[in-house]
Amino acid sequence: MLEPPLPDAFILTLSCPDRPGIVAAVSSLLFAEGANILDAQQFDDQETTRFFMRVVFALERSRLADLRARFAETASDYAMDWRLRDRDRRARALILVSKFDHCLADLLYRARIGELAMDVVGVVSNHPPESLALPVGDDIPFHYFPAAEGARAEQEAKIAHLIDQTGAELVILARYMQILSPELALMLAGRCVNIHHSFLPGFKGAKPYHQAHARGVKIIGATAHFVTPELDDGPIIVQDVEHISHADTPETLVRKGRDIERRVLARAVSYILEDRVLINGAKTVVFKD
Amino acid sequence: MLEPPLPDAFILTLSCPDRPGIVAAVSSLLFAEGANILDAQQFDDQETTRFFMRVVFALERSRLADLRARFAETASDYAMDWRLRDRDRRARALILVSKFDHCLADLLYRARIGELAMDVVGVVSNHPPESLALPVGDDIPFHYFPAAEGARAEQEAKIAHLIDQTGAELVILARYMQILSPELALMLAGRCVNIHHSFLPGFKGAKPYHQAHARGVKIIGATAHFVTPELDDGPIIVQDVEHISHADTPETLVRKGRDIERRVLARAVSYILEDRVLINGAKTVVFKD
Amino acid sequence: MLEPPLPDAFILTLSCPDRPGIVAAVSSLLFAEGANILDAQQFDDQETTRFFMRVVFALERSRLADLRARFAETASDYAMDWRLRDRDRRARALILVSKFDHCLADLLYRARIGELAMDVVGVVSNHPPESLALPVGDDIPFHYFPAAEGARAEQEAKIAHLIDQTGAELVILARYMQILSPELALMLAGRCVNIHHSFLPGFKGAKPYHQAHARGVKIIGATAHFVTPELDDGPIIVQDVEHISHADTPETLVRKGRDIERRVLARAVSYILEDRVLINGAKTVVFKD
Amino acid sequence: MLEPPLPDAFILTLSCPDRPGIVAAVSSLLFAEGANILDAQQFDDQETTRFFMRVVFALERSRLADLRARFAETASDYAMDWRLRDRDRRARALILVSKFDHCLADLLYRARIGELAMDVVGVVSNHPPESLALPVGDDIPFHYFPAAEGARAEQEAKIAHLIDQTGAELVILARYMQILSPELALMLAGRCVNIHHSFLPGFKGAKPYHQAHARGVKIIGATAHFVTPELDDGPIIVQDVEHISHADTPETLVRKGRDIERRVLARAVSYILEDRVLINGAKTVVFKD
């Protein structure tokens, strides 16, 4: 006797102006189309009266096209921004780095063991490969694009071309110490994540650990945020902190900060890969696991 | 011109065997009856195949009876355990305490400023009122029920009678250093919360801070859990911890522990009062805010 | 047979320009005078080349005057700022508050059970006593000093007079929503602690929880710092934080913040009372337990 | 004009029965021998009346032999266990691992960038090298020592031989899923650190994440401890935790646990390498930075 095919899992995310009946409409449609909801989270922003939802459901793959077509109608009725994708699909990611490679090494390891569902399609650095502590590995193309003064436009053109060419959906600034031009930031809106090594909005800009030391704070932090044309001002995705003391120097802060940075960036990337992050103006909605 | 009456808010919690269509059934029914969903959370326990849900919705109060009647039919179809209550209703709570009153003082203050939506219908202690550091206040009845050896059954009978008489829905053991009899624990199943001053399952039983000191752990904690006949073994609701060092003595652990205990107990009580805690066998489902 | 009198415990704190031999000089003098060191911590600020030390020692009280005289000579040799006091002495503290009394209630409770070694010599508010949720208690004088526009100088004169009159060594701004004049701030330099409800330097000034909500941060915090004439810019003593989410509103942040504020302020006050906080320019040295 | 040679830094650790004058004796001797104390921490265990101290000092290397000789006399007078070593010396470490290599990869990276001052003299696994996600690298010898039933004694003999041969001072069990024999544990007393994936003493033994899930705890943790013949019962060095929820499965706990495990193990190893950990019977004294 034949077993029926195992259903696959899909993730639906949406946002729209809030009004009664959205949950009923979405869940009834999914039920009618044969989907079984595995997880669902929602948020109703009472300030902007905008509604956000993330639904994970199981469905036989053969029925997906029908569901997608039916859902497009509902989405149109409710003026939804929406996205429907295979839960087990791996995203294509490009990682930008300068000299410090602790975040890069961490992301590559997590991708390698399957914790982060992404294919790293390349690593770009404004420093030559020998600047890194850990070799990137032969399976991942490494691109050395120098970013000298006067050559920035050219360097960014190379990056933009590489994104096009590799089909990178996600661009990760893993301690990439260059500021993106407004044009590139806009082009990557909503799909470029940066790790800033301070607890924003405190200590924007350069050398935040030195700023923190000078101010005498008792906690340091790191912030993963989407990149926007305004420096260190994009929608925040994840933040975390550690306690420090008067005995810490800028050098020990840098060391302690590495742990926070890679933890925060890895978490933000995993949330993005699992479609848990929806942009809400200058803020984010993050449906945590 | 008359404004329409403002809708009230209600909380529906339910659990039932998992099967497709529950969310659609619940949300469609709510929509059809005129309710607007404000918040919804769900959990599908894949081990027990049991489904849990909490829905907050707005509805004109005049329509509540109809909705309740209609929902009872659906609940029956799906074999649901369910509860529907007014979000702004205050629960009646009885607090049991021994000599240490830091949790009691904290709960009373939070109730007083409206942070905890409960009416404290009484405080019971096995010590006289002058044992407490902070007077309970004239507005709350204080009951001194001694618990000497040999008088336990009588003391528990007084407590049970008081619970009946005051209509207490929630019983809070706020550092009450007596072990409830299995009979009383069973009678209060699912509505009696205890704060244990260790990170369970480590250090069950008496003097957990002394046990922690003797073992040389680097973190201490506290655990809020439902009381069951098995000592310190009920479903866990909230846990939290603090880092300690070799220099801590049992006395400093007691002091540091006070902060954890009152924070953890207050959080557990607030979750219970907001219908965020559903019992799942020996565990809990906690729909956090 | 007579037992010798039990020694008392004392705390010595000092700071001075760093040079070799300080620890040897201090510990040898203490040993020669019959003191037994119970705890000692030190910090050598390599940027300012200033040395900081805190020593707890046991000594028969009858020998204290001699030790103090001998130590004054050593202190002079090393150009030390120093202080020597009885470990078990209670400090006199004045608490300033506005309408929100969660920090006040918390400090009073901790003082009452002996956790904070201070005598609260008075509570000052710019609102009448009935504005508070918790009555201060008959044993502590309450002073209602209105702070209307135009009456600020007069109000501060009353506060300054009260500090003089009560001999308050420590002034605690426990959510006191008035800005001290530069004159009063200078007069109280090093002995006035404020709780600011943000993770400074982020969100200085008014309504920090609203600022945090508007920015979309994922963590909120509180900061206890010494008051200086520059608003929210004094040396930081203690900071702590909590994770929040997109679903938090300014109102829930206020509620969550209360727990952080009282924890942070109580910790800072306890550190000050135990002579664990030394001022180091715009920063602090905090010798934690 | 010639500059004098820059002094080197050294770390002195000691423990002895407590009695008055130890600090004075140590600091006076260091001063007399030309050393300048950079950092000093001490702990007086009032239960065992044992005294512990760690001193970092600067000294011209040419004077070290004299100081060591003089100190040996003092140490003998006070019955001290003591150790004096070059602060910048790198320790020789052997890492044991099974299949999960997240801790191994993390330790190797930290050693590579100089954060952990150790030379990894070899990696031993009871699984072949292709079982690891990350290649160990050509510069570090990899030893595959199968540990089949019946071959345990032989396998441990190989490990013991390797330790001898490489001069490994520190042995790190980085998720090594074999239990050491009592003989090997004793041989490595005080220099073998293990990472256990639970918050000990909760969930000793196998599959702690499954145990944690079954119990329904709200926090998971990891514990780095010295290995002793009693399983999971050695002196604890570092612990840390993360909050979890009802929605976590044993699989997601394993994933979340990886981050805690590598953070905790790396911290413990760094403390050991910096001579910050002193064993105090069944407990540790950890002089944190």
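Letters A, B, C and D mark the chains in the order given here, with residues in each chain numbered from 1 onward.
The rule is short, and it goes like this: a residue touches a chain if its C-beta (ideal position, glycine included) is under 8 Å from a C-beta of that chain, and two chains touch if they have at least 3 such contacts.
As the structure is a computational prediction, the values presented were derived from the model and not from experiment.
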{"item": "Touching both chain B and chain C (chains)", "value": "A, D"}
{"item": "Pair exhibiting more inter-chain C-beta contacts, C-D or A-D", "value": "C-D"}
{"item": "Type of chain B:chain D copy interface by residue overlap (half), same or different", "value": "same"}
{"item": "Length of the line joining the C-alpha centres of chain B and chain D, rounded to whole Å", "value": "42"}
{"item": "Intercentroid distance (Cα basis), chain D paired with chain A, Å", "value": "36"}
{"item": "Chain D residues counted as touching two or more neighbouring chains", "value": "39, 247"}
{"item": "Chain C partner contacts - residues on chain A that touch it in the complex", "value": "43, 45-46, 199-203, 215-219, 221, 235-241, 245-247, 249, 280, 282-286, 288"}
{"item": "Chain A contact footprint on chain B (complex, rising order)", "value": "20-21, 23-24, 27-28, 30-32, 35-42, 44"}
{"item": "Complex contacts: residues of chain C adjacent to chain B", "value": "39, 102, 105, 109, 112-113, 115, 133-134, 247-248, 252, 255, 258-259, 263, 289"}
